[in-house]
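Same chain, two partners: subunit A is paired with subunit B first, then with subunit C.
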Partner chain A sequence: MSATDTAAARTNSSPLRIALGGLGLAGLGALGALVALEDIAAPYEAGMMRTGEALAPPLAPHAFGTDLLGRDIWSETVHGLAVTMADAVGALPIALAAGTFAGFLAAHMLRYSGPLLRAAANALIAVPALFLAVLFAALLGHQNAVVAAGLAVAPAAFARSYDRAHSLLASPHADFARATGLDRWSLFRRDLIFELRESIVAVAARALAAVVILLSTLSFFGFGAAPPARDLGLMIAAARGALPEAWWTAGFPLLALALFILAARLAAGLSEGERA
Partner chain B sequence: MMGDAPPQGLGRYALARTALLGANLAGAAIFAAALAALAVPAAQASLIDFLAAAIEKIPAAVLLDFGTSRISGLPAMEAAAPALQATFELFAIGAIVGTLLGVPLGLALAAAPTRRIAAPIVQLAGSVPLFGAALAAGMALAYLLPIAGPAADTMSVRAAFASADPSALAATLAAVAAPALTIGLAGAGAVGLALRNAVERAGAEPYRRGLRRLGIPKGQIFGLYVARRALALLLRDAGDIVLALFTAAAVAEWVSGWPGAGAEFVQAVALKDWPVAGAIVLVFAAVRFAADFIGALAFRLLGGEDEPA
Partner chain C sequence: MSEPRPIFAAENLTLERKRGDRPAIAELTLGARRGDVLTVLGREGSGRDILLAALLGELPGRATKAGSLTLGDGGDDGPRLTYLPGPESRVLAPFVSTLAQLTRIVARTLSLSRKEAREKLHGALEHLPHTPDFLARLSRPPRRVACRERAFALLVTALAQDPDAILADDALAGLEPSESEEMASLLLKEQSRRGFALVYFTGDPVVATRLGGRIAILREGKLTDHGTIEQLQSTKSHSYTHVLLRAAPRLGQRPRDARRKPRAEPLLQVRSFAFEKADDPRRGAAEGITFDLRRGASLALIGEHGSGRRALIRAVIGLEPAPQGRIIFDSVDIGILSRAMLARLRKRVGFVTGDDRALDPRMTVGGTIEEPMRAHMRLPAEERKSAASAVLKRVGLGDMIARQKAGALSALDRRRLQIARVIAANPQLVVLFEPLEGLDALGQALILDLLCEMREREGPALLVVTANFAIAEALADDALILKAGRIVARGTIAELVRAPQDAYVRRLVAAVSAAPADGLSQAAAQV
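And then the complex of A and B:
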């Protein structure tokens, strides 16, 4: 049994983990609701300048302060969170399809080319996912950073899913199914339905955490979101110059980003410190 | 899991791991060759042309020849060498800090009471993206240390020590402090987590209860059996720790302006200097695979019997 399986087993069995998973889902729901009510929650439009004094500290009427251009940090954080969340939701199906589903399919259906694909995934996993994301973003264009982040997460998800499917195929239930004449396609379908029912939320939440980290880092590096659609990574990058005098310009967007990632991690049942 | 399959002899195991290392390195070389092939004008025409160019590049990539850098005009490996050296210096500092902080952290986190208290903090800290941690480290050091902008010729810690010039050394150490701290913290996190998991797994194994029933004191069981097993499991995760350090290096270099290979890779990709990007990818992948290989052998030598992940 792999460490991932052990973690998954622990996730399913521990009441604390179940509670934390629920907390993570509730957190994602709360952030989703905030983003859905973006126009009400944020008193100023995205990018609106001179809403107050430049670099005003976090005090009323600007509870999160203002940045160098007098933009309200609370409003900008809500808008930035909306962009980050929309991009992450866009990247998620790519990561799941090219990673999780493809890995499961390859292990079940591709007897000869499956191991080659697994070896290719292994070569890609040896490179930091951030490098892959930068590479894909450069090849596909910055406007496709969402696709780049999804594809960069895919090799690790492919490998995990392939290994999981492989262990299932070597288990007694698969032997029994084959002995009773069940064909590969039917076994694949049944295993997939079982896995979806058991762990799709955890798998999707883990991929979500990974794409959020990559997307925000890509934007921070200048390979992702471009103004006027500023996501949290770009907001933090833009605030770097003012950081020594005005911590709040980057601090609150960073806190929002960390909360988003934390909620996804908890929903995925990742133990503390475990990589998304 | 332990005991699921009959143990393989060390010689055969080493042979199998060597074959795996070779296959992994071949895969990385193909990937790096594909990157380098992007610089071939003919490869832009169609996918078939690109694949043909990539295949043509493979033999040269195996010999670490990726073509010439578009920016410097030097052979790619030569162009990337100073940045790689800068990264490995950071990496070494990060590994030392990571081990010094990570081992006590991992042991503390493995103890049940500490773990319960620290779990929410570690979970929250693990949710902060690396660039956030790098910014925080830079800010903290800016308050604590008088950081001066380094001169261009002081960007190698080794060279600064060799120069015996106190001002160059001070400037270099000041410049390296923030990225080294970021990598050190990332390393401490990776080592600490791996060690905590290892101690937890080793401590939960059934032989421990048997030894307790034989009257062997807890401390002796830990020292003689659990620590050894935990070290084996920690070494098995060496590749993952190396990957975490490289990722942290890339982010820390970008944030602090340290001219290492991570920042060089990002710059090379932005400027479409594909040969240099290919060279850096191959070196990083090779180091990770080497760490996996050495970790797996060490794991086996220390008595580990399960198949390394």
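And then the complex of A and C:
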């Protein structure tokens, strides 16, 4: 084992890293539980107006205040989080299949077109993911924002998993396996199983963080979720007008979004500045 | 003539790595005088490393010492002890000029200026055979200096320090046999010329025998035996001594009479293989490498690092196309096969290598053995499991570890696992690529036994790639000697060993001969 291997292993298994990863997973779990118990947790139905005075500040009688139309911010945030999470969970398999899995498969199976695909992925990575997402959303129609976000995340995921598979294929043990007659499929299966076992949680969490950011931004710009179903991005966009005098209208949805992304990034083991 | 000056004397020396630990060195009484050749022979964990540290005055801070260790005659002006590390050790910084670092070492120990130190190095070099631009080439950083040259440069540095004693820490490890032979004879020649003491720390009994002089055998911190090689080989010595001295493969060690001459079909035919295309105008047509390997026969490709052995093997198993020439496996020219066909062909090839990274560290031991069975044979899972556990037992790995990760095994157990994997796949051809590399003497003996047993029982054709004549002799009948991409000699191994025609072959044979090389060691013992 080389020095860099041990160094990597050390940073990955340092108690702090493990604790932070666990915290991220716990956060995701808590947010998931909140969404699962949506009907109990939120006292008002989604979009229910005039639950009280308009633009009531937080604490009494609404703990998180109300917005311009008198909607309870807490209930709205929970419902928005549910929509965002559902969309993200829908986009995640697309990102994982078109990105991670496809990259792994291409590295193993496509001898000549694999490197070309890898280069194409590089070209797409050069375009900010948000532009890609907007482009895909425009091409596929607004109702398919979820697919667009998934596809926009795919190139980076493709490149990462292609490179990982490539380095595994160049390792001495892959060479040894080939020398003793293991075919490509055996090697593919073996590497895939180990990679799934080792890093699927981190990889999925990383894609989740990226997808949530894209989906919310799409909605914020009006490419994503369509009213009356509101997700967090749309809530924040709608609260823009009232923001100077009533910070809570955008503040609490923002906080929920930030917590969601933070939890996903922690679960993915990403460090500061690293792109999701 | 008065007694030569003492270098060191240990009396009832006990060393602990940490207070309260089991002693790493226990009640050791040992000494050396100027002109002595003393080999401290012990496996990893025998305490030889801490003894060396104690002699150099570099015991780790938490270590404790009891008994006495006197350097010199106990006066203020102690003997100058010089440390000689092996070429693979990491004593030098990898990115800085080698020569500058070596000069600084000499300058510091002798309190000289850089310029004087440089002259010292030149002076030491004068008595040794070298190419004129040797020092100039040393201005490269260590990682870009060849292993042999690094070893040579370290030796020159040690000599330049005018030592009363050289403490060598496995200084010949990592060298190819002919290089190691060359370096050992240089070291001994200088030792007898200058009359310093040579204290050599190693785990390799072949080197210990080669150096001659006295051998002190350490086992778990205790001096189990001490004497010249003749005394140690006598019946009076400790049984562990016999085990250790006999462990490393040496020529003539495993005589096998009446080898069956297989008259079967050729399994592998290599025809005018060359490493470059023959139409390269600068080279002209090289004659190339041609040989046959019959079913059940075994052939050794004896060549050192850089002889082209790796490229040849990769072409033979179809991992890379042959630049020139044809390779025929089982009557099929593999140059015309598709990748998928090649992979199918390779199912009949087994591989054992000295590279410990060859096994996937993430796989379990059981999975490693079952993988080729699963890929190559249609067997029900039950049969696979039982076959795997049978092979595991055969190579001496217990059934219990089948669920352990391959990465957690020791080097020896990983080598066993490689052999188990080969046996399980039941190949027609087994390529052994330096199969004993990186193992200590006892491990080498174990693995060699396993390989011999596999040869007897399964009877695959063997292609043994090694630089070590003793390994080749134990496993193969015929040999090709490869040097710089060409065959320099061929024939049966018995003949090659008995009457080597080529100077290079002679050197390879001498490196693993059982007897210490002529003259030198006697001369060393007399000083």
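FYI, the second predicted complex is superposed on the first by the 265 of 276 C-alpha atoms of A that agree within 3 Å, B and C clash if a C-alpha of one lies under 4 Å from a C-alpha of the other, contacts with A are read in each partner's own complex, and residues count from 1 in each chain.
Assume a residue touches a chain if its C-beta (ideal position, glycine included) is under 8 Å from a C-beta of that chain, and two chains touch if they have at least 3 such contacts.
Just so we're clear, the structure is a prediction, and the values are computed from it rather than from any experiment.
Peer 1: Using the overlay on subunit A, decide if subunit B and subunit C clash or can fit next to each other.
Peer 2: In the arrangement built by aligning on subunit A, the partners subunit C and subunit B fit side by side.
Peer 1: Thinking of the overlay built on chain A, is A:Glu53 touched by subunit B (first), by subunit C (second), by both, or by neither?
Peer 2: Neither partner.
Peer 1: Could you look at A:Leu257 and tell me whether it touches subunit B, subunit C, both or neither (first, second, both, neither)?
Peer 2: In the superposition, A:Leu257 touches subunit B alone.
Peer 1: Give the label of whichever partner, subunit B or subunit C, reaches more residues of subunit A.
Peer 2: B
Peer 1: Quick check on the superposed pair: does A:Leu182 touch subunit B, subunit C, both, or neither? Answer first, second, both or neither.
Peer 2: second
Peer 1: Of the two partner chains, subunit B (first) and subunit C (second), which one does A:Leu266 touch, if any: first, second, both, or neither?
Peer 2: first
Peer 1: Which partner does A:Glu45 reach: the first (subunit B), the second (subunit C), both, or neither?
Peer 2: A:Glu45 contacts neither subunit B nor subunit C.
Peer 1: In the overlay of the two complexes, what angle sits at the CA centre of subunit A between those of subunit B and subunit C, given in steps of 10 degrees?
Peer 2: After fitting both complexes on chain A, the angle is 80 degrees.
Peer 1: Mind working out whether A:Val127 is in touch with subunit B, subunit C, both or neither, as first, second, both or neither?
Peer 2: In the superposition, A:Val127 contacts subunit B only.
Peer 1: So in the superposed three-chain picture, is A:Ser216 touching just subunit B, just subunit C, both, or none of them (first/second/both/neither)?
Peer 2: first
Peer 1: Contacts for A:Leu243 in the overlay, against subunit B (first) and subunit C (second): which applies, first, second, both or neither?
Peer 2: first
Peer 1: Once both complexes sit on top of each other, what is the least C-alpha distance from subunit B to subunit C, rounded to whole angstrom?
Peer 2: Closest C-alpha pair between subunit B and subunit C: 7 Å.
Peer 1: Overlap the subunit B and subunit C contact sets on subunit A and report the shared residues.
Peer 2: Touching subunit B and subunit C on subunit A: no residues.
Peer 1: Given the complex with subunit A, which residues does subunit C contribute to the contact?
Peer 2: Those residues of subunit C that touch subunit A are 317, 319, 340, 343-351, 353, 355, 357-363, 371-372, 374-376, 421-422, 425, 427, 431.
Peer 1: Going by the contact rule at the top, pick out the subunit A residues touching subunit C in the complex.
Peer 2: Per the touch definition, subunit A meets subunit C at residues 171-184, 186, 190, 194, 198.
Peer 1: Okay, in this complex, where on subunit B does subunit A touch?
Peer 2: Result: residues 1, 23-24, 27-28, 30-31, 35, 38, 118-120, 122-124, 126-132, 135, 139, 142, 189, 192-193, 196-197, 239-240, 243-244, 246-247, 250-251, 254, 265-266, 269-270, 272, 277, 281, 284-285, 288-289, 309 of subunit B touch subunit A.
Peer 1: Of all residues in subunit A, which touch subunit B in the complex?
Peer 2: My answer: residues 1-3, 119-120, 122-124, 126-131, 134-135, 138-139, 213, 216-217, 220-223, 233, 236, 240, 243-244, 247, 250, 254, 257-259, 261-262, 265-266, 272-275.
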